[in-house]
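Take a look at the structure below.
Every chain is named by a letter (A, B, C and D) in the order it is written, and numbering of its residues begins at 1.
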Amino acid sequence: MQSAAGRCAAEFLGACILTGVVIGSGVLGADLADGNDAVALLANTLATAAILYVLVSVLGPISGAHFNPAVTLVSALRGETRLAIALLYAPLQIAGCICGAMVAHAQFELPLLQAATQVRAGPAQMLSEGVATFALIFAILGGVRHRPQAIPAIVALVIAAGYWWTASTSFANPAITIARAMSDTFAGIRPADAPGFIAAQFVGALVAWRVGAVLFAEEKAG
Amino acid sequence: MQSAAGRCAAEFLGACILTGVVIGSGVLGADLADGNDAVALLANTLATAAILYVLVSVLGPISGAHFNPAVTLVSALRGETRLAIALLYAPLQIAGCICGAMVAHAQFELPLLQAATQVRAGPAQMLSEGVATFALIFAILGGVRHRPQAIPAIVALVIAAGYWWTASTSFANPAITIARAMSDTFAGIRPADAPGFIAAQFVGALVAWRVGAVLFAEEKAG
Amino acid sequence: MQSAAGRCAAEFLGACILTGVVIGSGVLGADLADGNDAVALLANTLATAAILYVLVSVLGPISGAHFNPAVTLVSALRGETRLAIALLYAPLQIAGCICGAMVAHAQFELPLLQAATQVRAGPAQMLSEGVATFALIFAILGGVRHRPQAIPAIVALVIAAGYWWTASTSFANPAITIARAMSDTFAGIRPADAPGFIAAQFVGALVAWRVGAVLFAEEKAG
Amino acid sequence: MQSAAGRCAAEFLGACILTGVVIGSGVLGADLADGNDAVALLANTLATAAILYVLVSVLGPISGAHFNPAVTLVSALRGETRLAIALLYAPLQIAGCICGAMVAHAQFELPLLQAATQVRAGPAQMLSEGVATFALIFAILGGVRHRPQAIPAIVALVIAAGYWWTASTSFANPAITIARAMSDTFAGIRPADAPGFIAAQFVGALVAWRVGAVLFAEEKAG
């Protein structure tokens, strides 16, 4: 099934499960880690990477497994996703992410929607989001070009590295950033800081698009 | 060998080893982790995912590597496992899981059978089990449809994510729930709470069956 | 190169590197883990599984990548390794493991050979070694039969699970047991306890050989 | 695109991202780990291995994904990389690594270039670097010969093992050693200790080159 309806359902459901895992594992990790935030973030990383591998494996052949407006934007710019589909994907990705946050909150008996208070501001954090989103899009474009079978592992592992490599723990996704602004938990972000994150994410994505267009260009036929 | 006897032996032995790892790694993790339950759960997650990859790899081609009555139910509903086989599998899965719990207890010099006291009750925990089992079955159905070679990794990683994502640490398996009710250790569950878990698991599995039937439908020939 | 000399060199070198990693990562993990033995064992597990994947990948096509007299024994019983080769492998595996222990000790400025003092005795520990070695051989036989390309991952992950699942942390290898008896570190074993471990390992291996012969039998031509 | 310019760009960018991850994850790990250096090193290991898998997957088909003058040297000695290319690669690898260190420092609001103070001296540390680089090159040569599709996983995992197995945490790369000398963080090395590391790395690489030439020789046609 690769009808538009099926593709939209895959994007919504994938975004929902992904965000549920990101927020839920943050809650449980912080609960159990006895104040050691590195252990909590290890758990958060492990769970996020694991579910990304699963979701990209099973939903990639249906919708492309974007779950991420920045990925959809680049895909549309490359002519791989039609504009009409891209305009459907983006709101469904956001709705799916918010829905996933609500499910995670329900599982842990927390208020379904919350205003996050975790401060993630400043140029260093924005640089980090730009770099993390650059790395994500760059890895996807390289994987599409050179190792398509490995894309589930590539996506999972570039995000795993990003959680630790960047000061922002690598949201790298505007839709999940919006949902995390509604979660006052380990994975949250203060709503006032979200626009800066999202802007930096789109900048990183666009830079990766241009770099990838050169570095991963197909050989021209002679 | 894919005789009924071989298939039954594979289900029994796989359920036994899987449960041994789940309970044994919980005991050792809790023993060594110096009160940091997140570290214990990381160890529990790592060991469980590792052995799932192994067991699904080597026993999948024999019995399907269900080890789980909820998986067998969906397989039977989809017409992939005959009813006669499914009715053999379920009690063997339960017996295998109990046997695995006893072996783990023997390894750590604990009483072979115990009454668990760990409370895991309430609607949030039941929601968590439903979601976790939904995710497991959903991932299996998507993997069967789109990436059959990756099913060992998909099963291992969806359970790894589930351990951290859900308030219940993702039992997602009625047979192992029964065995964990007989283990008063890190991985245990109070017997009174087991029926609620099992009901939620079957509900989650049935929802995944219906969603998967639509989302992962084969294209019809024209 | 699959000459006898090349095969013997691969077994020696692989056993040496494997043991270096097992003992070295135990030393560093225990040094850094601030008394949290679960964190030390996580590091020990990660390093051991990682190097097993590497060594089985690159040396498997040369020597079979046994590094383990129990594996060689079962391979000989199955007629896959000739007796003359098996009799060469075993002492080289032991020598390689001792050599690896010495290299690890040199890296951490410890006495090259030591008498271990860590007590690992009693029937529960011996049961654990038998179960761990059973699982290792069982997984190898199933992998050879059903997923030969996945054998490096299968071996790495069955040992990773074994480190946590069993009270003995899954030595599962007579040659490495001898070397660990010469290392008074995190991974050590008191020399007096080694013979019991080795006996249990061979028993577990032989049981797996018989179970595997039935469960993983090739279909007979009609 | 496999023009010289494309290959050089891939080496520069890969070295930059790799070093950013090595240093950035060291900073964040040490920040969060509450004094438990084993947890910090686990995070550092996880992030480094993850990004190595990604970078070798997507850049390997372009430049060979060396990011490492010791790898380039052995590749040139084997006649796989022309001398003219090798002489371009080495300075770009060093520049990329320094650039990555600066990006990581900027993300964490640290001075862009620093003089490291972490002492890593003495024969045991140098032995460790030699062994780690030997293992890296040995694994690459074996992977090229026997499992080329698995090289991204092999490289990631041999470095993961090396972080824990060796007293030096396995730099195994002269270019990254230079960059780490400019980072006074968890992953740093005192500039005075860098030359000894680099010498040991080249010795280890050359030994692996000779051992690999024998052990992984192609069979001669008759």
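Keep this in mind: contacts are C-beta pairs under 8 Å (C-beta built on N, C-alpha and C of every residue); 3 or more make two chains touch, one makes a residue touch a chain.
What you are looking at is a predicted structure, and each value in this text was computed from that prediction instead of being measured.
S.K.: Quick check for you: after a Cα superposition of chain A on chain B, what is the rotation angle, between 0 and 180°, in steps of 5?
M.R.: Rotating chain A by 90 degrees superposes it on chain B.
S.K.: Same or different interface residues for chain B and chain C, judged by whether over half of the residue numbers are used by both?
M.R.: Comparing the two copies, chain B and chain C contact each other through largely different residue numbers, since under half are shared.
S.K.: Could you put a whole-Å number on the gap between the CA centroids of chain C and chain D?
M.R.: About 28 Å, centre to centre.
S.K.: Please compute the C-alpha centroid of chain A, do the same for chain C, then give the distance between them in whole Å.
M.R.: The mean C-alpha positions of chain A and chain C differ by 40 Å.
S.K.: Of all residues in chain C, which are in touch with two or more distinct other chains?
M.R.: Expected reply: 36, 39, 42.
S.K.: For chain D, which residues are in contact with chain A within the complex?
M.R.: My answer: residues 1-2, 6, 9-10, 13, 17, 20-21, 24-25, 28-29, 32-34, 36, 39-40, 42-44, 46-48, 50-51, 53-54, 57-62, 103-104, 106-109, 152.
S.K.: Okay, in this complex, where on chain B does chain A touch?
M.R.: That would be residues 35-39, 41-42, 45, 49, 122, 124, 127-128, 131, 135, 138-139, 141-143, 145-147, 150, 153-154, 157-158, 160-161, 163-168, 211, 214-217, 219 of chain B.
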